[in-house]
Each structure stands twice: as C-alpha cells, then as structure tokens.
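I have a structure I would like to understand better, so I am pasting it below and will then ask my questions one at a time.
For reference, chains read A, B, C and D in written order, and residue numbers begin at 1 within each chain.
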C-alpha cells in the first residue's frame, strides 16, 4: 500500500512532498493595498467569477514568511518546511458574494507548490524576502513600532517581479475591517494526451477553508509598490495605478478541507 | 480566454509555467546501472505494474543536464528553461511487457516540475550536478575519451541523496542493447475536499511517448553509486546492492503526446 | 575617487559588497554546547592560541538568522542584506585569557562573506535554516515557551554539515554565565605571486569588538547535535563526543572597529 | 601545521575553499563587444590605469560556464567546483600598454570568489546562465552552426543585471584579432581597525597570467546586450551605447602565478 497525499507515493510516505492534512501554518506578513486597471483584472478571472464593479480594481499584494507543520513535528526540519511566499489577491464576485481571487503566486519550496496546486493556488518558484522584526534592540531590529521601515521583494529566474516598502504608523484596532473576503482559487490540472490537451483533467473553482484563523499584531502605514514589466511574466498587467495602505501582521491557520464551488471541467 | 497548458493561466499565456506542446529537449546524461533489493522495488510499484522477476532488482540512476525549448525560442532564456534532473528507473512489467518505472525524480526548475507532473513523473526540487565535457583542452575539460572521470550528485534541502562517479572505457557501439525499455509513470493529482482525500482526482498509469529520439556519443565504463539514508526521504530503500556499468551519452527527443495505459482512479 | 570598504570600488560606492562601518546587526540564535576531542581542537588553532586545558574540548555550535543594516536603511532591502549563518566556536587561550576561536563558519550571503573575511571569520557559502518563533498562535508557531521544539541545519554544496534540535525548558536568568568569552579570529589573505604563495599577505589574530551588545529572551533546554563526515569538508573532526545544553536567544550588536592582537605575517 | 591557500585553514587542508595552484579551467563562453560612455569607464579605473583614448569606450561583456580542477580530481565533484561567471572588461592603458580591466564580475560559487579575490577580480555572488550547445540533434540543441541563437543572463539578489543574445553567423578564423589584450585587476583587501579603515591592507594592480591558453571553436555573429539600472548596483553606468559583434567560444587555461604591476597601498 503506497502512502502520501501527493507524489511521490512510497510504502512509508516519507518521500511524499505532502502528507494528509491537517496542515498547520504560522506567518509574518506584509500586505499592500493597491488599485489596478479593472479591465486587466477582469481579463484574469476564470469562468464563474466576475469583476467586483464596486472595487474599482482593488487588490492586495502579500509577502509571507511561513512556518509549516503537519503531524510529524515538521517545524523542526526548517530546511524542508519553512518557506516564503508572495501573491496578489484581486477583488471579484462569485455568485453575488464579494471574494478575493489569486491569479499569481510565488513560493520558494516544493512542498508548498504541491499543497498549493491541490488547493488551486497557481504557484511558481520564486525568491521572496521581507524585512523581519527582531527582539534584540538595534538599528537592524525593525521593531513593531511607529516609524519602522519594512521592505519586501519577489523575483523569479533572476527577474525582480515586485518590490514593496512600508512605514508603520499605528496599530490597527480591527483587522476584520481590512481583511474580510473569502479567497477563491482555480484548481487546475491539465491533460497531455494529444486528443485532450485543450481540456483540463481538473478545473474547479475552490474556496479556501481556514480553521483556527488568528490575525495578530496588525500595524498599518504608508506604502510603496512596484510591479515592473519583465520578459516571460505578465503580472505587470495588474501593476498599481495607485497604492493605498501597507500592513504588517502575524497570521496563522490550519487547513483540513477545501470547498469545491464549481466544476468547470464537467 | 485564458491561455496556458499549466497554471497560471493568463490572457497572453506568458506567465504559464508550461505552454502547449511540442516540447523539445536535448541533454547530456550520466546513467549508472545497478541492482537493488527486488522486494524494495516491488513495494514501490503502483497498481497495474509487477516486479520483473528476470531483472533481479535491476535499475538505472540517471543524471541529466537538459535544455528545453518550445515554440518561442525558449532556449535563449536559459535562466528559465535550462535545468538539471536526477532520477531512478526500476525494471518492472506492465501487461506482460518489460518496462522501466520512475519512482523518484528531482529537478531544479518549476517548469520542469509542471511538465513532469502532467506526464506522471513524481518530481521534487533538488540540486543536481554532473561533470561536463568541454571542448577547450585542459585537465579540467573531461573529454569524451578513455580514462576520463565524471562525477554527479543530487541533493534536496541540504541532504545529499545520491553521488556517482564513472570512468570512461570505450564507446558503446549499439546503445539500443542498453537502453531499450519504454518508461511508465503514474500520473497522480490528489483531492483536498475532506470527503475525498483518500481518492485521487487523477490516478493513471501512463506511457512516455518520445518523438525524434536521438541517443548519441555513448561511452561506457566503470561506475560507483551511493544512495545514503537521510531524514525525510526514503530513496535509500532502493540503494545499490551491486553496481554495474556507467554510461555517458547525449539524448534528445520531443514530446507532443502521452498514452494513458490504465485509469486507477476510475 | 573610488568608494567602498570592499570590492568592487566605484565612484558612488553603490556596487561595493560592503561600505564603511558602522555595521548594525540583530538576530535570532540557536546555540548548542558540546564537547569535542581536545586534540582535534588544538590541531585547528593558529599560531598564538593554545588549547584551554580546563575546557576539556568545550565548544558551541551556533545558528543565526541575521538582519543587517548600515547607514542607508539596508534593512529594507532584505534580498541583499538579510542572511543566515552557522558557525562553531571552540574554547582556547590567548596570552593567558580564555577566549573563543572560530575555525568554521558558513553564511548564505556575499556581503556577509566580505565583512567576515575583513574581520577574520573564515566564511564559506552554506544553506542555513532554523525554526522560527512566530507571534500568531498555531501548532506551527514554536513560541518561546517550555516544551517548544526548534531544529536547525547547515549544508554546503548539497552535503548536510550539521543538524541540531533543542527543546526549551526554562528561561536563563543570567546569560553572562553562559556566553562570556571574547571571540578571536584569524584574519588571513593569501598571495598568489609564485614566489610568495606560502606566505600570506595578511595573517593576523584579531579580537571581535561589539558595541551595544544586547542578549535577550534566552531560553535553555535539552539538545541534540550531529556533525557527520562528508567529502570535501573536515569539520567532523570536531564532532560532538558529548552534547550539553541548547539555547535559543536574541542577540544584537554593532561593529565599528577591530583589534589586531598579533601579526603572524610579520 | 595548518594547510590551505585560502581560509579556512585546517590540518588536512580539506575544508579550505582553495588549495595551492595549479588551478586548471575549461569553459564555454559568450562574449559581447560593446561601447560605453568613455567618461564612465574612466571613472571606474584605479590609480595607475588610464582611459584608452583610441578605444572610444570599447568593452566586452562575458558569460562563462566553467569547470575547475586542481590536483585532486576536483572536476568529479561538480557540486563544489563547477560554476558560472559573468563579467565586463573595459579597455584601458597601463604604462603605455593597451590592457583590459575588470570592474564588475559575478560568480555562483564561493571557491571562485576566493580565487578571484586573491587575483584581483572584484567578485560578487550572482546567478548566471547561458544557452548551451548539446550534441544530440534537436530544436533544443543550439548547435555551433550558422543561425543558432544563444541567450545569457546574470542576476544578483533577484535583480537582472544583464541580458544578452547572439545569433551565430560564421566561424572566426583568427580569434587573436578579437581577444588580444592582457587583463589587469585590482587586488584589494581592506582594514577594519578603526584607525586604518580608509587605507587598504592590500591594494595592488595585478596582471593575470594564464598558462596553456586555448581558445577554440570561435563563432561570431550579431548581438544584443542590455544592462538595466537596478537598485543597489551601479554597473548600468557602463551600459551599452552601441553593441558590436557577439562571440561564442571555448576557452581553457591554467593559473600558477600572478604578476604584481604596482603596489598602491605602499
């Protein structure tokens, strides 16, 4: 009997990139609110999603330093299970409900790619960094305090895809006023057999389900964000026309399930 | 209309990890023949494959420096499309036919992961190196000539998974006597919805189809191979009990199709 | 006029790996006390240092997640200036004073190599990871609390060089009882001109000077440490015969100066 | 007795980044002739070098895939000793003699950094790629033939620093008409002791000495080269105003010595 949630399956399951949930996550995050061209957002939406006309092209660009653990103390193997991520969430509507949709996402870890594809996150490899906040006081510590600067960046294949910078101004009393939309993804797995290449084997709209969500230590402030045009990528099509607030926060949750909203392959 | 063979799909298809075939490949390869414990090989085979009793546990460990191109001159963007790979092929039988099956494979590139998963190669990220043969004469050149030494290695997450070394002895007149089995893979994509986690969305035995296969400049010689036990992997279960010949060769082919041998999800 | 503390020097100094001090650092650290073969430690000491006979081969293996900044808000460019480090400090004696000496050190950043070599740290490139403590509560958070597990590892060129694990037991009231020796290094820069290859251009014993040293949130607990033998390295010669306590702490300091203890090139 | 040409020195010398010469190299190279602003080149020259007024700002941008070996069959450990490099050579004059000078250079290997600094190459870490020529015929093979396209790039810290592309037109009968100037470097090692930070410990103009130089299979053709402005680097100050011919070649040599042309520290 071969074991593993993802490939490769083996008798022990030890080699599998991912084992069965629960999957537990904790992170430090930088998120930048911005507005892109609404038509460019609309052009990225899969069947079943519509542009949120009230959003005016609103989006968030996120950078996350993640720690993952499953059922086997994976957090003590940080070379395998700690990772960094950057993604953009654009505002859209599913079946009358305002949601966020993820068209672009980058991580630096293969287990994160495997979990992400199973959920519907279109992950690619990237190199992601964000300024960290350290406890030992120093000009290098970046404390969670008014005036602290944080930078963040994502690159892939030696091209810088996004660069951000925020300056903390004040604690955010009620983060649910900022971060309150459910996240919808497109779970997609193609077919290579010649007769079926234009039809996916799996093509579903999915809804991210997060247990025990915790959002802590949220600070807001001023922000900068650049998404330059580079060869071989087209994320710049939703580059910022205008940048809003920047946020720095901690976030944790667990994943044990996924809701399938719509089967587009059927 | 969103384009791309794989995620992420976009209006231009430029961001997609993979676009529609044809996919063209050329490579330099080191391959080491060896024998593992037959029961350990049998334990890795998916439903539909049987141990090849005549093989006595025969397997090949491959290291490949690949160059990929599609329809857009991708070979001129080597930061994105050049990659290195290491994998093991174990001898098995499908429906009475002797075949090779790939239980473990590592690459250093995300487009290669996406193409591999679509075919059935259970790819994980790794760091792969092999000695190259350079044209300019030097003690560092490793020419294709009797006595030349080549080394190769694969590591993941800072653990060395395999190390090999060969010494060239003579040209191989008829490579088809060495490399002649078709390759079978398991195309596998899981479900995360709680009620279906133990059933895959896609679970197929597939057969690799290679157009315009070219195998050139094949040299054989003596070989060493080590597959040590490391935490978080279990490839060592098919470590060599005995090592055979080592080979150094060039190989090219194109991929435009995939044959589905058996649907194990149905 | 060309500018820069290190190469490359340019009219603006912008390309230089390192600019003039002050250099400010803050970090999260895991440190493992252990005992190696005293003769193996003695064999690594440069001229001017002697084995500390009272130490019985005592050493500390450190893992550090660093954030660096200079005079130009470098901390907002984490892709360039955030880095990870692993090193061993062995106990020795200089001129009658008990000191720590650094024979092996690995970092994942070139600016850190350049600063290190200028001080006398014999830095090589490595891939370093340690479990982090996140604020958002989760099984993945590794809080600073009794019972938390932390892991750490360092690898170079795909070989795992050291793996550690600690379990927190209690806060350490007085860290100065644990970490109290000055650090001595060998600042060394060779000559390639044929007649002088066996004599270094620079060969000095140096003393690390740290301004505004802060050590915070020190926890102690049980520890494990492995330093395996790998091809191409000889750090295993001071592998642990016995492992003592493990520590997790925050540390910050600034560097503006270096004391030259002894000129061995003269 | 501690051994090693570079740090770290150990009783066996096994850990040293570099051991005593001879150092043997073989490579595949792409080189792009171009012209930069002469004043920008002049501003980069160290004391002792002058702008070559006849060159009009001529420079070459090189990409190299290197294989290194020393006295211990290092070429069979490609994870440690194979590396990639990109650098620019600008035309200048030393003591009346036309030379090339290297103001910027990037490599992906620490042993290459250590050897380079000892010679006077101001190496930083980068990620370097060039299209390779494979023997097995394929659209992906990039043969050495009229019409073949080759691309190359260098990035550091997730910023693309240069991108090039050439198209082969014809073999170059006499490469010595193209590549014929000696290479001069600045060997530079700073002091950190506060009183001496503005004076280097080592500051020499050096001349590269190459034994058994072989230049083979030289092809010329049309070329493109971009050196964009990025934060934290200033190589763009010598970006191309005009691009000349592109070359693809093999090159090998050995290093056993270095000539010191001038001591600027004295």
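Assume a residue touches a chain if its C-beta (ideal position, glycine included) is under 8 Å from a C-beta of that chain, and two chains touch if they have at least 3 such contacts.
It should be emphasised that the depicted structure is a prediction, and the values quoted were computed from it without experimental measurement.
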On the document's contact criterion, could you list the chains that touch subunit A and likewise touch subunit D? B, C
Between subunit C and subunit D, two touching copies, which fits better, same or different residues at the interface, with half of the numbers shared as the threshold? same
Can you give the rotation angle that fits subunit B onto its twin subunit C by Cα atoms, in degrees and rounded to the nearest 5? 180
From the centre of subunit D, which other chain's Cα mean sits the farthest off? A
On a C-alpha centroid basis, what's the spacing between subunit B and subunit C, in Å? 39
Geometric centre distance via CA averages, subunit B-subunit A, whole Å: 30
At least two other chains touched by the same residue of subunit B: list those residues. 77, 79, 127, 129, 153, 155, 157-159, 231
Hey, how would you classify the chain contact layout here, line, ring, star, complete or other? complete
Considering only the defined contacts, which subunit B positions touch subunit D in the complex? 24-28, 65, 67-69, 73, 75-79, 82, 127, 129-132, 134-142, 149-153, 155, 165, 212, 214-217, 250-254
Touching residues of subunit D toward subunit A in the complex: what are they? 127, 129, 153-155, 157-160, 163, 230-231
Sites on subunit B touched by subunit A in the complex: 2, 5-12, 14-15, 17-18, 20-21, 43-44, 46, 77, 79-80, 103-105, 109-110, 113, 117-119, 122-125, 157-159, 186, 188-194, 197-198, 201-202, 231-235, 237, 255-260
